[in-house]
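Each structure below is given as structure tokens.
Two complexes come next, and they have one chain in common, chain A, joined by chain B in the first and chain C in the second.
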Partner chain A sequence: MIRDVIREGGGLAVDIATLGDGDDLYAAGLTSHATVNLMLGLEEKFDIEFPDRLLRRRTFESIEAISAAVTELLDEKVAA
Partner chain B sequence: MSDDAALRAAQAAFRDALIAHGLLIPMGVDGMYGRSGLFEDVIERFLALVARHGGQDGAEVMRFPPAINRADFEGSGYLKSFPQLAGTVHSFMGNDRDHQALIEKLLKKEDWTAGQKATQVVMTPAACYPIYPVLAARGRLPAGGALVDVYSYCFRHEPSIDPARMQLFRQREYVRIGTPEQVMDFRQLWIDRGTAIMTALGVPLHVDVANDPFFGRAGRMLAANQRDQTLKFELLIPITSTDKPTACLSFNYHQDHFGHAWDIHTHDGGTAHTACVGFGVERIALALFKHHGFDVKAWPMAVRDQLGL
Partner chain C sequence: MSEQLQRMRRVGADIAAKHAGSVDAEARFPHEAFAALKAEKLLGVMVPTELGGAGASISEVVALCHALGQYCGSTAMIFAMHQIQVACLVRHGLQSEWHRAFMRRLTSEQLLLGSATSEAGIGGDVRSSICAMEVQGARFKLSKNATVISYGADSDAIMVTARRTAESPASDQVIVPILKSDYRLEQTSTWDTLGMRGTCSIGYWLHGAGDVAQIMPLPYADISAQTMLPTSHLTWSSLWLGIATDAVARARAFVRAEARRKAGTVPPGALRLAEAVNLLQLMKSNVVAAARQYEAALASPELLTALSFAVAMNNLKTGTSQMAVQVVNHALLICGISGYRNDSDYSVCRHLRDAHSAALMVSNDRILANTANLLLVLKDDPGLFP
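Now for the complex of A and B:
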């Protein structure tokens, strides 16, 4: 699902299918403004809201990092 | 008194002192002032000082009115980042009946602005904005890239009682357009030069990583990105607060943001990167008056020498 959101909103220079979970998305062409679109896309898809502490470049640096942040926010939602 | 209240009081006190000494002329809107001959003289002399440091680099001088083409503004991406600061120029474009309605509303002191329509003119948000489409239209950059000297009034809608946060203010900039290496070398050169220029003017200062005032939640992320990548440095001088010093110079690396937006290419076809050094000339004058006093003749001789006063 994360890959779908990146494909739609990430504006990458390469096909997301060619990237591994740990690959650097910024190196693959993810810009600052595209990161904002990506964040909004993830929030809509997973019905979550990224708090200020996660509004950082490294939160979105790889599929792995995004997955960790999304999992954390979904866990918090269940706990709340 | 809370910190905020103390800061506002210090800002109001400095503004009132500047007005009392005739340096700034109030115009009834926060952040909009006339300037006295002396205030302008200090700025002119500072500009000459900047030119003594940067004037031999061969920059192309471009001067524009304080407004840009709306289509260029829309293409610049400014509204994605700073919608809250933009100033668009609107005019009456109606017929006789619309004119009568306007006058009626004016007489009744009702809102007469609803019928105003957007013109093709937008206030310049930063001095370098008009140059990018000009460079793009010339085709690929030469191997050495480009260097432009710009100076313009700029508008940002952020009314404040702080005299160091004007809505209409001037920026003197050098802008470098070229490869990442060319523009990063340029930025470092100006961090060093800017620090030397201001140190010689006898004001307390430090240079720090900074971020632009991006709008909203998306903006918090853009600001964090900008800081993480150290894209912006500011030279800060305490004016109305030592805790919150004022950015008087900024040293910005835009990466390929403008190169992409305008399709500007280096000689080998790569997307051009850009960087700029900006001097907030009113803020610099205010810093000089703050630290050396309102009587220019009493300023330290070393400072007067630098400015040729």
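Now for the complex of A and C:
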């Protein structure tokens, strides 16, 4: 699901299918402008909201990192 | 006042101010002021003491820019642009032998660093590059069509941004200092502008080469967000404040002279002067608060890489750049025709022309658009004190 959101909103220079989960998305062309789109896409898709503490460049550096953040937010939602 | 700041005030009053008129009129590099700044060892103040510098904090550098801005806007802008490059080296080059050696040279020889981030074909979007590093073994080459390299002809080294490799996307950039002996500049434009005329911000094709070890290890994206943007906005804002401060000082002198001439009455300009002083205080509070915020963020990667920090620094720049023009314009109205004359002690013409560069030196519209985008995800901050 995360890969779908990146394909739609990430504006990458390469096809997301060619990237591994740990690959650097910024090296693949993710810009800080597109990061915001990506975040909005994830919030919509997973019905979550990124708190300010996660609004950092490193949160979106790889599919792995994004996945960790989304999982954390989904867990918090269940706990709440 | 720190001893460093006293030295800066001396250079400003004795030298920069004396030549400000001819630097502006002839659109020439402020040679006299830079000879003095080098003699006073003020170019390497931010470098750590173990590498020969003074280990100055960002607040201290901001205070130096503010002081110099009161004497000559162009000289202060060149000093600020140089310090921004030094800040990048100091913050991100201490782990690298090449950069440590370079900082040692910078302090002992008082090297002046220029910057080539803007490029033909990308407008002012400095977070994109067209040119790319061409690496062969341990050496690199690069050619950049730089639309503006301020004081390029008088720089001893230039920090250049480029795509990491010929295959990298436009946003995957590195930054590298290139030494004067390793680059060739081919002039592509002239610099006959409204203001900031002494910065000699001419366009060049830069053809450079060097060792791969010179490339800063961290991606430019991080260096830009953590250091180049905040230090640019802080040093620029403080020198714009310096320009505005001197304009208000002239307006104040004008109003006082009027008051003395007609003792017992409050001169008509006094009210507007009160407004100008009020605006100046707002501007100063902005700069001081942002400098404190940056210093607090330096101690915490969390704060430094947060979007809210980027928004605060953006706001500093768009806010102070507009206020500088507003304040100088008040001073002009107060001094009237005396302020409008180029040849009067109350002249604020150069101040006004220099201040107008602030909004376009990285376009305010571009910065506001960036902030607008970040605000789509950033939450409100209901607190008062950080």
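Note that in this section the second predicted complex is superposed on the first by the 80 of 80 C-alpha atoms of A that agree within 3 Å, B and C clash if a C-alpha of one lies under 4 Å from a C-alpha of the other, contacts with A are read in each partner's own complex, and residues count from 1 in each chain.
By definition in this document, a residue touches a chain if its C-beta (ideal position, glycine included) is under 8 Å from a C-beta of that chain, and two chains touch if they have at least 3 such contacts.
Please read these numbers as outputs of a predicted model, since none were measured by experiment.
Bringing the complexes onto one copy of chain A puts chain B in a clash with chain C. When both complexes are overlaid on chain A, the residue A:Arg57 reaches chain B and chain C alike. Contacts of A:His33 after superposition on the shared chain: both chain B and chain C are touched. Contacts of A:Met1 after superposition: neither chain B nor chain C is touched. Applying the stated contact rule after C-alpha superposition, one finds that A:Ala13 touches chain C and leaves chain B untouched.
In the superposition on chain A, A:Leu74 makes contact with neither chain B nor chain C. Comparing chain B with chain C, more residues of chain A are touched by C. Only one segment of chain C in 96-104, 258-266 or 312-320 runs into chain B in the superposed model, and that segment is 312-320.
In the superposition on chain A, the residues of chain A contacting both chain B and chain C are 32-33, 36, 39-40, 52, 55-58.
Interface residues of chain A facing chain B in the complex, by the touch rule stated above, are 32-33, 35-36, 39-40, 52, 55-58. Contact residues on chain A toward chain C in their complex (touch as defined above): 12-13, 26-33, 36, 39-40, 43, 50-53, 55-58. Within the complex formed with chain A, the residues of chain B that make contact are 77, 80-81, 217-218, 220-222, 224-226, 228-229.
Across the complex, chain A is touched by residues 127, 164, 168-172, 219, 221-222, 225, 302, 305-308, 370, 373-374, 376-379 of chain C.
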